[in-house]
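Same chain, two partners: chain A is paired with chain B first, then with chain C.
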Partner chain A sequence: MEAESLEGLFKRLNDSPDDVALLREIFRVLRMTSTRYSEFVVKNGQTIINSLSGGWFGPSEELWSVIEQVFLAALDTNQIEVASKQLSLMRKQFPTSSKVDRLTGMLKEAEGNYDAAEDTYNLILARDESDSLTRKRLICLLKAQKKKRPQAIEKMNDYLKDFQADVTAWKELGDMYLDEQQYRFAGFCYEELIAAEPLNFHYTLRYAEIMFTLGEFNIARKYFAYTLELNPPNVRAMYGMALASKALNAQKGVTANDKKENDDILNFSITQIKSRYNNTPFKQTSDAVITQLES
Partner chain B sequence: IQPTMNYVIEEEAYNKALLHCKKYAYAAVNGVFIGKVGGKDGVVVEDYVALFHSHTLAPMLEVALMMIEEQCKKQGSEIVGYFQANELLDDTEIGTNSIASRVGNKINQNASNSAIFLFDNTASVLKDTRLGLRLFIKQSESQGTVSWKESNKNLTPQSNFDWRRTVQLLTTDKHTRLNDFDNHLEDPSKNFFNPDLLK
Partner chain C sequence: RSKKKNVMHDLILDPQIRNWVLVPIVLILFLIAILRHNISLFLRSERPTPLSAIRDRQLLIRSTRLRTNGSYLPPSSASSRQAHYLSTLTELIETAPPAPDALSANPMMDPSNMIEMMKGNVTMVVPQLLMMAWISYFFSGFILVKLPFPLSLQFRGMLQRGVEALSGSLDVTYVSTLSWYFLTLFGLQGINSLVLGEGNGADETRLMQQQMNMQMGMMGGGMGGAQDMKKVWSVEKENLELMAGKWALRDVERRLVYGKKVKKNK
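Let's turn to the complex of A and B:
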């Protein structure tokens, strides 16, 4: 439960704001979990960089991870000068690195200079056409512009023909389809994700919600149930199971047996929701929703 | 022909919407405006309920609207609008058959004076001290589908709007303390109505 440990770490930082070791740990967890918390990273990055730059053992691998982390965070918060400074440091240390070339392209993207970024990426790919990270940046260029969204989707489909096992690409494509309300295609992408990572409840949950949106209540309910099995406190799945059961009861041609089963599952979901909300100040509002669900 | 409603937006609602945008500056965010209809001001937008910063899908939207309607009943207010800030800088439309128009339609079925509020990505809110919100009101309706018309002159800030407070809120880390419905679903003890956020 990395997310919870982050909250705990931040609480501790609040109590001891000068604890550099604690700060380094927070930065490490942010990197490991790919959590987007960019203002904080830019604000506190220099403290860590200073503490890692000198010392007995000289600059370390961690130093360069932090510099890259601050670079990306600075792009995220439109602090181009800070980003440029980190980029220069990396360029000096790793003069022939294609990663640094790609980061240079990302800086141009952040400045809105998509053509220059595209040139940079094409140069990298001319040297090594199997560089999948750079190929994906070309797709990001397209994704960043609303008018080029159809091209982004097309290029991502092309990419996935060559790199079928790239889970992050399937997720990205799925999310692009969701942006365009193309729920069937989004569903296909999430099916790939579930096949690749069957125990990842984020995918099963999102798939259930997509199926529900398409009116496929039976499939939706199965995947809400599966999500609950993988992640028992999952409130979204509890609500999803309740809503799907209610929707199934309202469908034409529902038999008495079906209705009994739907009611059983509905009541089960409601019990789960009640216990999850039990000690929260939200109990009243959730009770009202439950009343609506039961009616 | 019905006269066009005027919409007056109060600080509480506006500031919360902007804090939601700031918290998830890299994503599309949406939410619901609640307030009161009638009286000399037309529609008064009193408060903002932050909904999602992930893709809006049917089931959780239904739950959110149920909870919001319940809360409105208790407070004697109603849903008066749907708010959205698009993810991409050059995305300046509510779109047809988009999330905005679908949710706007759905809300309008029960609240016929509700409007769509689109955040203007290109506005320099703090620099120009103007709302940077675009108002879309119902122009006509046919078979349950509403067609929306942009009408920004019908949207004004409350009469003694304190811009300094808005600037102050946006330049601190107040936004980290706002909870939206996505946050609430992850941890039900988080109150997505944020009643004390701006106190």
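Let's turn to the complex of A and C:
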């Protein structure tokens, strides 16, 4: 079922724009991959909702997933009336659901009514303190309000005290620290990510760059090299390795052996960069940069 | 046809048997499965997990992650985390409530467990027993079907309950109603999951697995009680202490630049 990618599906949709079954399939794939494609979803949502509402056994289960999907997309595109309409449908069908409560809170957030949203979320948590999704929404609340970034970070740390294995939360916290330029803490978060997914080169690359920013050139270069092992065409890692080697050479107390090794690594990176840019239109730019590196 | 084996004459079964026993049993089992599914939806309790349980579980996950992948972190980071988890685990182990004696740890006495067990029993075991009794009462004493796959002789006693009189000369593949009941019971799992979706309330095999787990838990001394967690933490702590301090990335640049020949630098 996963064989058809979104690209393929959209191509088919171009050819037959009225194919409702195809639309439903696209919506399903969007839901499964958590892809944000909100304009499209809102525009075509009503068609699918109509098609799912009838039928022999009444509306199918899929209907409510689609309604929720359209609701979230409408929040994204600031179409509050559309979102309210979906929300009232859901509220009628699931009057006591804490998910609907949380979605109500999100609607209030979208309207800018942060205090009311916070009250809604706190009510949900009073009923079920282990509701991690609602706690994360409280953090998002604070993040959305520009001046409250430090509080958001504090709340996220509290969340992670309870849910310390939540990888996406660590990523979010790491990025928040990066925004605040607190690189040590960001590095700690990214270490969590590497421990959770050691073969994910995005995390290792970012971690290398964080280490480089902190001046830990040895560690940085190791992780740049590791990123290259995981992802050979990764130009950022190549540049990173080159720069780290240059920085190491410029340090005090560097021995002759080390210098040779650093030079070897530097030349290796430069060769990699050259070969990568060889037949591309960017060759001139890269050559200019390389001359800087070699100097 | 002149086959040189014991040709047992094929029985000709009354087609009325097919109409009045075979098909009805399948239909009835299917409908009962749907009924059980709906009832289980009603009875499902909405107990949220306490935060403390979540916290403990997550600590274990994170600690395991460190053990498995710690070699990809810089050694100082890995060892400081290791120290942190060890001290947390030690603290948890020491402050866990003291071991209750064997009797009070009996999960049968635990009120919340009792309700779960009762629910499980009502929805599963009782209907099963009723069905078996009903079938044995009404539908015993005759051959129901000839199974299309070959069976060995050991099955005869089990599958031909109630028709032993003839079984001396009868192929094992002719079976009684009770065995047909069991066959359809398990066979309908597939149809059940199509119609009712995965994790449906009428899934026999899952329930039997659950029962096995419950029994093992009982033998292990308390289901999910504090005693259990203490053991889990102790195991994790021991494993954590044994964590190797090797850095997988120690020679990564050399690997890249110099190829597979890694200079054995101390």
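A few comments on the model shown:
Here is the rule we go by: the second predicted complex is superposed on the first by the 214 of 295 C-alpha atoms of A that agree within 3 Å, B and C clash if a C-alpha of one lies under 4 Å from a C-alpha of the other, contacts with A are read in each partner's own complex, and residues count from 1 in each chain.
The rule we apply is simple: a contact is a pair of C-beta atoms (placed from the backbone, for glycine too) under 8 Å apart; a residue touches a chain by one contact, two chains touch by 3 or more.
None of these values were measured; they are calculated from a predicted model.
Touch criterion met: A:288 reaches chain B, while chain C stays clear of it.
Legend: residue contacts after superposition of the two complexes on their common chain; A:27 is shown touching neither chain B nor chain C. Of the two partner chains, chain B is the only one touched by A:76; chain C is not. Once the two complexes are laid over each other on the shared chain, residue contacts for A:280 go to chain B alone; chain C is not touched. Once chain A of one complex is fitted onto chain A of the other, the partner contacts of A:175 are limited to chain B, with no touch recorded for chain C. By the touch criterion defined above, A:36 lies against chain B but remains apart from chain C after alignment on the C-alpha atoms of chain A. When the two complexes are overlaid on their common chain A, residue A:159 makes contact with neither chain B nor chain C.
Contact with neither chain B nor chain C is seen for A:201 once the two complexes are overlaid on the shared chain. Of all residues in chain A, only 36, 39, 76, 144-147, 175, 178-179, 181, 206, 209-210, 212-213, 220, 235-236, 239-240, 243-244, 276-277, 279-282, 285-286, 288-289, 292 touch chain B in the complex they form.
By the touch rule above, chain C contacts chain A in their complex via residues 48-51, 54-55, 57-59, 61-62, 65-66, 69-70, 72-74, 77, 81, 249-250, 252-253, 255-258.
Chain A contributes residues 128-131, 161-166, 188, 191-192, 194-196, 198, 219, 221-223, 225-226, 228-229, 241, 261, 264-265, 268 to its touches with chain C in the complex.
Those residues of chain B lying in contact with chain A across their complex are 26, 55, 57-60, 62-63, 66-67, 70-71, 86-88, 90-91, 97-99, 173, 184-186, 188-189, 191.
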